[in-house]
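What follows is a set of structures for review.
Look at the two complexes coming up: chain A is in both, with chain B in one and chain C in the other.
Presenting the complex of A and B:
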């Protein structure tokens, strides 16, 4: 049953991804400027510009250009950068480890802080620790990632000189990811904390929790083995949904911290109107987003046997 | 962007995570390589600012160039600006240079963008270059070209020069490179195809260029156009798509090592560079960091040694910071308010003059540019040889402006209204808003419209599909090269594609006398005569006012004190060829 569900979801990926690429393809073509202008500089020679456009196929109607791109993509060829002639797939695979590490570490920060803080706040409802956690969560949700990123850089890189202000993994090692991961994960941690708290508050008054306590189980076991498992269902749903936000945040975070990841690849290719790289990067991000959501849906059943796949 | 000072909240878990990851933090920086032997006294004396100061070549008598360049001074060594104070150069070491944007491309057929072009000047040398005073000097040529007739340029090429792959540089390589520059697929080939008939290899070290018609700006373009770096014959065919990504060949003081886009571009010392003893640095790492405040933090923490382009407000703060020097130098970037003389109200000279008189340019230089700018007093910036030191600042006279407006038919009952367009960068928007406020004092109603660069330029450059009458006034800057020609001709000649005011163009404001003077200014090679023509041209332009020159901006760079003998140079020079680092 689960396999059939997964297969059906995978089929649904196709229209989603095509829809995303159609929208992106149209939007970038509607934006002012084109790659030929970026290649030739301001005020280019008109004849050179015409030749370039023809050579790149940009003189074709938009649907034809999209069709050519789609046909090539279906053969596994995302094309080459218009500027450096590097293969888009190579660029994506080169950059993906940085973004995946950043997203993973941010998630770790968010879950590592958000879930325990949420449980703590729920089990000590209305105590000073609950109020403090809620206050901090409010702050975490309110702080834009770029602002928090700059603050972290000023404190930890400039004033304390503890961590680098970004840079690549191969030059600065894993420490290059610490500040970006905190910046990116902070608001997510706050969200998870608030969700966990409210979900736990609902679960803690359930009969089976009372029964567990009546059986004399340790409070830790009641909270973390019985209550939290059920309370995690909505949290996991949000984690799935928030993956897209996390990847979006990675664009900003990578820009601030000068991390050469997928987000930075996307912004620099948008600036240069490097169409194949833009489309390839968006496609990669869309696939990751859909895949993570699929994984989340499958995880439901593992966490809550009451959920059945139709 | 103002840097916030508040200390953020940090969750205990995050602190633990930070500590954990700090513990497994970066490896110690690699130990410096063994320092090569110290340069001899002679080599130490070599770092002059003139790229062509070849120790082996006697400065030949330079032929007069057609364009108005600095009167063809021989490439005699001139003292590098900071050399005297810098002490004995030390060889070796690496510096990290932070800049804003990735090179767009390193392929000679494409425009590399400002950053790419700047970086590539260290790798691919040209026949001619520019020194820190804005003079044209020979580089791969041994002297300025001979001109047996107005349509012929004969370049004597430097012998004993090697490309980075070890192959010798000859006229065959020059011809191969010029074939690329003349190819219609090359970004800047337009003028080259228009003016150059063909090229000839006269002998292995003599190269001849035959023109179809005179091109007054030819030598200036050759000296300033960073796309004209010479590459070895067959390089593009040999390396294919890897050229410009994994391989770049040239004869320059630094060799291309690697380019990881969005992360770093690394150049290493060319051990066989033809200027013996140069360069001093073993390595330069160019690091693109888009966020300005993060660039500055990298400099402050020592992660960066040089910031190529310092925001003015950050420069003020850095000036008082220990261990950091802020370098400024006059530059060729001119902020300007352009008027479209095709349409009302700027088809009326009195209106243009009135607006110019009502703009307080000093206030703009002081507030928007925090003093890192000078108010133009003639056509050329104060560092330029053609500048007239006796020239006075343009008049700021609101009363006279009011009078002119009245004569033009505007007043309280019929206020002058117009739109200033600008690209949506804060620097331009700030200037436009300040001008809006200044003009409001006279009852002039200005609408400021920031917009995308492409939309902004299309009607100004009369691009196909755009309406050249769709704009009234535009605020932009023009990044002149250091060539005099750019300052005196490019924005005013009816033959120029960037004559945005449509001055002396069909439908635009006409002044045939001024048109003649502008063309003379472009071709006069005698310094004294040229200065007189510039003065005459300036007076005519001030009267006709096709655009108001607001400010000449300065180049502002910041460097850590350990980096010696570097200065904020004028144009596409080689600021890092003479730089060295103090390892103490």
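Presenting the complex of A and C:
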């Protein structure tokens, strides 16, 4: 049952991946400017330009061009930066570790704050702590990550001088990731808090939880060992699906904190109109997102016994 | 909002009059946060509409002798690097944000609801084709796809509205499709079709009115998302271009002067937060009022 579900999901992901490549290729073709002119300069020799265009397949019909581009992409060739001439794949792999570290740390911050806050709010429903938590959660979800990042820089980096305002890991060490992770994790924490509260409220009225209390178990044991385990299944699913939002937020966070990650690569290449880098980065992020969603779907099937019997 | 034609007490229908309508308004106004959200949203809308009269200075007026002034009695929120009044720019920024929020949500909801209705009602290959296309758009993190589209299409108000509207289509399509799939199998819809009513009329008169609830909730939440997305794109230099003030580009301008003039970024960010919060409160309130079972 589970294997069939997983196989079905794997099959469904193929058209999505193809669709993603078609969208990125379409955007490449719509991007302003002539790639041959970008390579050869403003006034290239017309004969050289024709030969280069033929060599790149740019004189072929669009479906053929797509096939050539896809074949190159599958070989890991996303082209070169128009300005630095570095391979886009190299640029992406150089910067990916910073983005992955930021996303991972943000996820830890979010879960570390969101889950306990959600449990507290659910177990003290309609109390002042519940209302305060929900208000803070709404505030967290509403605050733009780039604004929160600036506030954190003003308070903790410029005024209190407790932490660096970003920069590279080589320069400032792991502490360079603390403020960015808090900025990015805050809105995610708010979302997790709301979800955990909602899921816990559903679970806390279940008979088995009532039985656990009737047995005289400590409230901590009832809430965290019995109720939370069941409540976490939908929360984990949403956490996984929100990875895309986290990756998107990383783009803005890295810009604010000048972190040398994928997000900053994307924004700096936008300023330079470096289309191969822009679209290569977009493709990489999209494929990671599709892959993470697939993994979450599979984990969900393994965690939730109801899926097995569908 | 029109009263639904069909009776039946479906959880997704929205009644504004009568006994059921009174119950809806009672549930809506019961929450102080929803009321606060409505007041906040109305305040922002009023500022946006009457910006020309409310703002103390024109948004582009430069006072070179008063550059980066701290908030004072003349410039209540201070001035920026060109001596422009921050309060005036934030007020005019409200207009831009509301235009983008409402226009992009209108585009997203119109196209999304149409596609979702088509997918849900027709089923089969039409459904598969539309929903797989929606899956492809949703395969990209929204801001990343927005950045790519803005880089290709260029900055500016029109493009920002178009891009954000396009990014919203999949959510509306999915939620509409889900509602239509349920409603189209109900007895009164089957009866309408059995009586020979055409598909288009059946959808418009019987199916869609009973799918309105989740769409309305999503629309109010989407306005807040759109405002945030516009701010993000403008912050990155891909949205509204100076000198036209947008909360995002004011915030971005303020980054370079974060030591000397932190108020430039602070107040514009506060405006974004308060507006998004207001629409989120409204969206939550609508969800609780329309279907209390959907409460979080």
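Here is the rule we use: the second predicted complex is superposed on the first by the 245 of 310 C-alpha atoms of A that agree within 3 Å, B and C clash if a C-alpha of one lies under 4 Å from a C-alpha of the other, contacts with A are read in each partner's own complex, and residues count from 1 in each chain.
Just so we're on the same page, contacts are C-beta pairs under 8 Å (C-beta built on N, C-alpha and C of every residue); 3 or more make two chains touch, one makes a residue touch a chain.
Please read all numbers here as calculations on a predicted model, not as lab measurements.
Participant: Tell me which partner touches more residues of chain A in the superposed arrangement, chain B or chain C.
Facilitator: The partner that reaches more residues of chain A in the superposed model: B.
Participant: Tell me which partner A:162 touches in the superposition: chain B (first), chain C (second), both or neither.
Facilitator: After superposing on A, A:162 lies in contact with chain B but is clear of chain C.
Participant: If we overlay the two complexes on their shared chain A, which of chain B and chain C does A:40 touch? Say first, second, both or neither.
Facilitator: first
Participant: Quick check for you: in the superposed arrangement, does A:79 touch first (chain B), second (chain C), both or neither?
Facilitator: In the superposition, A:79 contacts neither chain B nor chain C.
Participant: Should A:171 be classified as contacting the first partner (chain B), the second (chain C), both, or neither?
Facilitator: In the superposed model, A:171 contacts chain B only, not chain C.
Participant: Touch test for A:140: chain B only (first), chain C only (second), both, or neither?
Facilitator: In the superposition, A:140 touches chain B alone.
Participant: A:255 contacts which: chain B (first), chain C (second), both, neither?
Facilitator: In the superposition, A:255 touches chain B and chain C alike.
Participant: Between chain B (first) and chain C (second), which does A:276 come into contact with in this model arrangement: first, second, both, or neither?
Facilitator: neither
Participant: In the overlaid three-chain picture, which partner chain does A:109 touch, first (chain B) or second (chain C), both, or neither?
Facilitator: First partner only, chain B.
Participant: Considering only the touch criterion stated at the top, classify A:150 as touching first (chain B), second (chain C), both, or neither.
Facilitator: Touch partners of A:150: chain B and chain C.
Participant: Shared contact residues on chain A for chain B and chain C?
Facilitator: 32, 139, 143, 147-148, 150-151, 153-154, 158, 255-256, 267, 271
Participant: Within the complex, which stretch of chain A touches chain C?
Facilitator: 15-17, 19-20, 22-24, 27, 30-32, 135, 138-139, 141-144, 146-148, 150-151, 153-154, 158, 194-195, 197-198, 244-245, 247-249, 251-252, 255-256, 266-267, 270-271, 273, 275, 278-279, 282, 285-286, 289-290, 293
Participant: Give the list of chain A residues in touch with chain B in this complex.
Facilitator: Going by the criterion above, the answer is residues 32-33, 37-48, 51-52, 55, 80, 83-86, 91, 95, 108-109, 112-113, 116-117, 136, 139-140, 143, 147-148, 150-158, 161-168, 171-178, 181-182, 185-186, 189, 255-258, 260, 264-265, 267-268, 271-272.
Participant: Using the touch definition from the top, list the residues of chain C that touch chain A in their complex.
Facilitator: These residues of chain C touch chain A: 33, 132-133, 135-137, 139-145, 147-149, 151-154, 224, 228, 231-232, 235-238, 251, 254-255, 258-259, 262, 265-266, 268-269, 272-273, 276-277, 280-281, 284, 295-296.
Participant: For a test of understanding, state which residues of chain B touch chain A in their complex under the given definition.
Facilitator: Those residues of chain B that touch chain A are 1, 3-11, 13-14, 17-18, 21-22, 24-27, 101-102, 104-105, 107, 110-111, 113, 184-191, 241, 244-245, 260-264, 287-291, 293-294, 297-298, 300-301, 303, 452-455, 457, 461, 464, 497-498.
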